[in-house]
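There are structures below to look over.
There are two complexes below, and they share chain A, which is joined by chain B in the first and by chain C in the second.
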Partner chain A sequence: MDKTNMQHANDVNVIRKKHMKLFFAGVIIIALVFGAGAVTNYNHIEGLMSIPAAFQWLFANMMFSGSTLANLSNVLRLLWETILISIVSTTTAAVFAGVFAIMGSKLTAINPVVMYAAKLAASVSRNIPVVAWALILVISFGTNAATGFLALFFATFGFLVRAFIETIDEASGDTVEALKATGATYPQVIAKAVIPEAMPQMFSWVLFMIETNIRSATLVGLLTGTGIGYLFDLYYKQLNYEMVSLITLAIVIAVLIIEWISNLIRREIL
Partner chain B sequence: MESLIEKNGKGRIKISQPNSGQLKFRMLMIGTAIFTVAGFFLLDYSGLELWPAIIGTLENLKTMFLQPQLNQVNFGSAMYQVLVTLSLAFLSTILGAVISLFLAFGAAVNLSRPWISRVIKGFITVIRAVPTVLWVLIFAIAAGLGAVAAVIGMLFHSVAYLVKAYSEAFEEIDEGKIEALRATGSGYPHILFQVVVPQTKSFLIAWTFLRFEINFGVAVAMGAAAGAGGIGYELFMSSSFYYDMNEVGMITYMILIVAVILELVANKLKSAA
Partner chain C sequence: MAVKTKERPLATQPAKKTDGIVFPFDLEKQEQQENGRSDAPVIMSVDNIDKAYSGKKKVLKDVTFDIRQGEVLSIIGPSGAGKSTLLRVINRMIEPSDGKITFQGKETLSMKGKELRSMRTDIGMIFQHYNLVDKLSVFENVLHGLLGYKNSLQGIFSLYSEAEKKRAIEIISELGIEEQIYKRCDELSGGQKQRVGIARALIQDPKIILCDEPIASLDPNASKVIMEYLRRISRERDITIIVNLHQLDAAKQYSDRIIGLNDGNIVYNGAPDAIDSDAITRIYGSKLDELIVE
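The block that comes next holds the complex of A and B.
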């Protein structure tokens, strides 16, 4: 009888400790929220109020007039350019990322020095934000497609190396070991085990990056004066809100179509 | 006899025949390669002089990374701007996490009705389709340029991302445990907060921190492109107004250091989950 009571007391203690921990975590997070709010001058009520206001505004400007629709061809042309840049930069980055990932994966690295060098290069290119790349490149490359392409290339490259290394480690461990046991050479292991095993998952990552890059390309375009981002910025600054809504709608539809296509492809290959 | 053995171009005997899936994948790869090469020619490079541009960029990179120096702002205020950017990222992540938790209960198919799940998933797909910078600028019309527009704009994408991550974590939990609690007559809130959340806690924390890491990068971008303030705005000013490569270099280093630390913590949390 005594013993069970003791255990019961212990259990209560454990639960009480857990609740205390949870309570303190909650207090710390709330304090941090208010601290962050003070640092940035963020007002929670104002933030809440802006959500319905913005949606009301967005839908009020969706009744497009004739003069707005006349610009549609221009919008579509720049949208196409933006999509093209994001696809081309992603696929090109994927080729380089594939090589670096094979160098950087523990499973397939030639030697540790090369492995860490590959990982470091990827980490630097990934952690410098895409805006910094865009702002640096636009100074010398000017406002044309090459700036957007290179900015997206560097950011995508860094991300894909990380994703590809994880894919290689996950997908091809056993196969690589089996092939090594048969006495296969290094190029044979890469060509017959690593690439076939990891390729579908890698392609799925490439599709994911294409979707992401269309949105990033809008941001880069806004900063460097190219593509659909530039057009958005232009009309935004002219306070032509009907055009702003039209461009937003066009981007949404384009992204949804691309997501739909890549889901179809994913279903086929995975 | 000869006709039964297929040989390849080099006269060797073919030992494997690709199945239809492999064939499709091969076609897809070839198609992508052709599209990429064609894409390079379709892009508009007007006004680009390639070699001077490459040399100029390399010189700028050299100045940036080898002679970093702050000129327009002092170190203390630059650090404060980093804190502002971190705060913007933190606010949108935490507020997003709270909203996402409840939306994710509705989006997870094992905890909710199919039609609710479909409505929420459709809603977040549309939200995700709008680039963050456009969200921020749209909210800036309603709330004015600044922290409010930035946090709410970033919040939308955080919610879209976290609902997907959370609901996938919820869908993987053991159905038996939910059933056991149902059998005891527990109500819906009990099931959520006694089984679902404790079971997936480490996943939730890892995904939330991962989003915080992403939001730091986004907050830098919003400072530069949407006037949200913080270190991103300083970066934009020093590169596009002052053309001060030394300062761009120093700011890039500061962003890089914070981003690498965040990435290391995110990796730790992810491998622990």
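The block that comes next holds the complex of A and C.
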């Protein structure tokens, strides 16, 4: 009885501590918001007040007319190119990430040295932002589609290795143990336990990255001078806001469609 | 989608019906063997096993005991006593720090590669959480028990012979889950999943089956079915069953011998009905009160 009472008291303490933590976190966030405003001379109230005016400007300048629509085919062609680059770079990255994740997961690693090497490679490529990848690669590869592809590839690869490792650890720990205990070989364990258990979740991550990359591809294209990003940049610099808004709209619709499709696929496989 | 929702309710209905297993066993033969197995040959001896995971703290301390053919051996003890560790040392899923294990006349701790795999085919294992590949069918999961006998390519491409498939079906029917055979494992009840686990172990044609808390996630009814089945496997097929149990009464009811583990030491090794309150105190220590409250 004594023991359970103590446990109860402990629970209450834990809950109280959690509330305290939440309270302090709130205070700190508010302090940061205003502190940052003060340092950068940004006034939050004025910022909010200027939003309606900004929208008014947007509506006035960015509504496109019929003549702009004549360029639609060009927009769509480059949008399609961008989507393809995203899909190809994501799936290629996924294949490499699959191998590295199997090497990097504690559950399936062959030896610790390879495991840490795989994790390190993934961590490096993940922690360089996609924009930085694009800028670095532009220097060595110039402005072409390959640069965009590689920038997306590296960023995606790093992210997917990490997501895949977590998926493998989570989905297949128990079955890996069971199959090893039957005397199964390493390749058998991978093929019969890890892949069937982790595949649907991995596939879902790949779909997520394709969505993300179509957005990033626009940005990357802006930097590497390819795809829809290039077109955006071109018209933006010419102050042709009608074209800019047409392109933006096209990107938004494309992303929505891709999201819709990948949700459909996800529902089928999970 | 519509097909799936139709199947679900069906999946649960036969579960009830098949909970009563059809035992294709010879009851008289069982009676003869009922009283203990102290005369059966020793198939494995575990000698002076120590295990420390990291640092100095030993999880198993100088553990020594013999395992006889066809016996049901329960390992009981409080949480953290080292039961799961001991079980996995037996099939080398965990490497002991020191000691010796002899199985069928061979020293197992030095085995590597093919020899180690072949040793593992002689030892089946079932788990508290069943450890099935949920996304695959009952049939495929049972066939996984044969992987130890196959080379990598045969295993990966599921190249099982007709005879092997027939045996899988036989074992599945024996366990009363033939109606579920092509169902994905995540559509089964706990008791059914555990029977798939047993089938996967049986198809290995093992000498020993290790069971790590096989009934800890099951209701009393399903638990009874599983424990009775394990006992009958030992009687009918002369397979040794080593089972970690939380429930003292189940251990007393179903085993030929009980080993009590406390903090990595064997503190009891003997007949189930010779366990007195003194032995229970030694095994469960100060946790005795909790045990009675439960």
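We take it that the second predicted complex is superposed on the first by the 225 of 270 C-alpha atoms of A that agree within 3 Å, B and C clash if a C-alpha of one lies under 4 Å from a C-alpha of the other, contacts with A are read in each partner's own complex, and residues count from 1 in each chain.
To be clear about the criterion, a residue touches a chain if its C-beta (ideal position, glycine included) is under 8 Å from a C-beta of that chain, and two chains touch if they have at least 3 such contacts.
Since we're looking at a predicted model, the values are computed, not measured.
When both complexes are superposed on chain A, chain B and chain C fit side by side without a clash.
Greater residue coverage of chain A by touch, when chain B is weighed against chain C, goes to B. In the superposition on chain A, A:Ala60 makes contact with neither chain B nor chain C. Judged by the touch definition given at the top, the superposed model places A:Glu46 against chain B, while chain C stays out of reach.
When the two structures are aligned on the shared chain, A:Ala191 is found in touch with chain C, with no touch to chain B. By the touch criterion defined above, A:Pro200 lies against chain B and chain C together after alignment on the C-alpha atoms of chain A.
Look at A:Glu177: by the touch rule set out above, it reaches chain C but stays clear of chain B.
With both structures placed on the common chain, the touch criterion links A:Leu69 to neither chain B nor chain C.
In the superposition on chain A, contact is made by A:Ile29 with chain B only, not with chain C. Of all C-alpha pairs spanning chain B and chain C in the superposed arrangement, the closest lie 5 Å apart.
Comparing which residues of chain A touch chain B with which touch chain C, the overlap comprises 200.
Within the complex formed with chain B, the chain A residues making contact are 29, 32-33, 35-37, 39-43, 46-47, 49-51, 53-54, 57-58, 81, 84-85, 87-88, 91-92, 123-124, 126-132, 135-137, 139-146, 149, 199-200, 203, 214-216, 218-219, 222-223, 229, 232, 236, 241, 244, 248, 251-252, 255-256, 259, 265, 268-269. If you check the complex, the residues on chain C that touch chain A are 91, 93, 116-121, 123-125, 127, 129-136, 144-152, 155-156, 197, 200, 204, 210. On the side of chain A, the complex with chain C involves touching residues 174-175, 177-188, 191-193, 196-197, 200.
Chain B makes touch with chain A in their complex at residues 21, 24-25, 28-29, 32-33, 35-36, 39-40, 42-48, 50, 52-57, 60-61, 64, 83-84, 86-88, 90-91, 94-95, 125-126, 128-134, 137-139, 141-143, 146-149, 151-152, 217, 220-221, 224-225, 229-230, 232, 235-236, 239-240, 243, 248, 252, 255-256, 259-260, 263.
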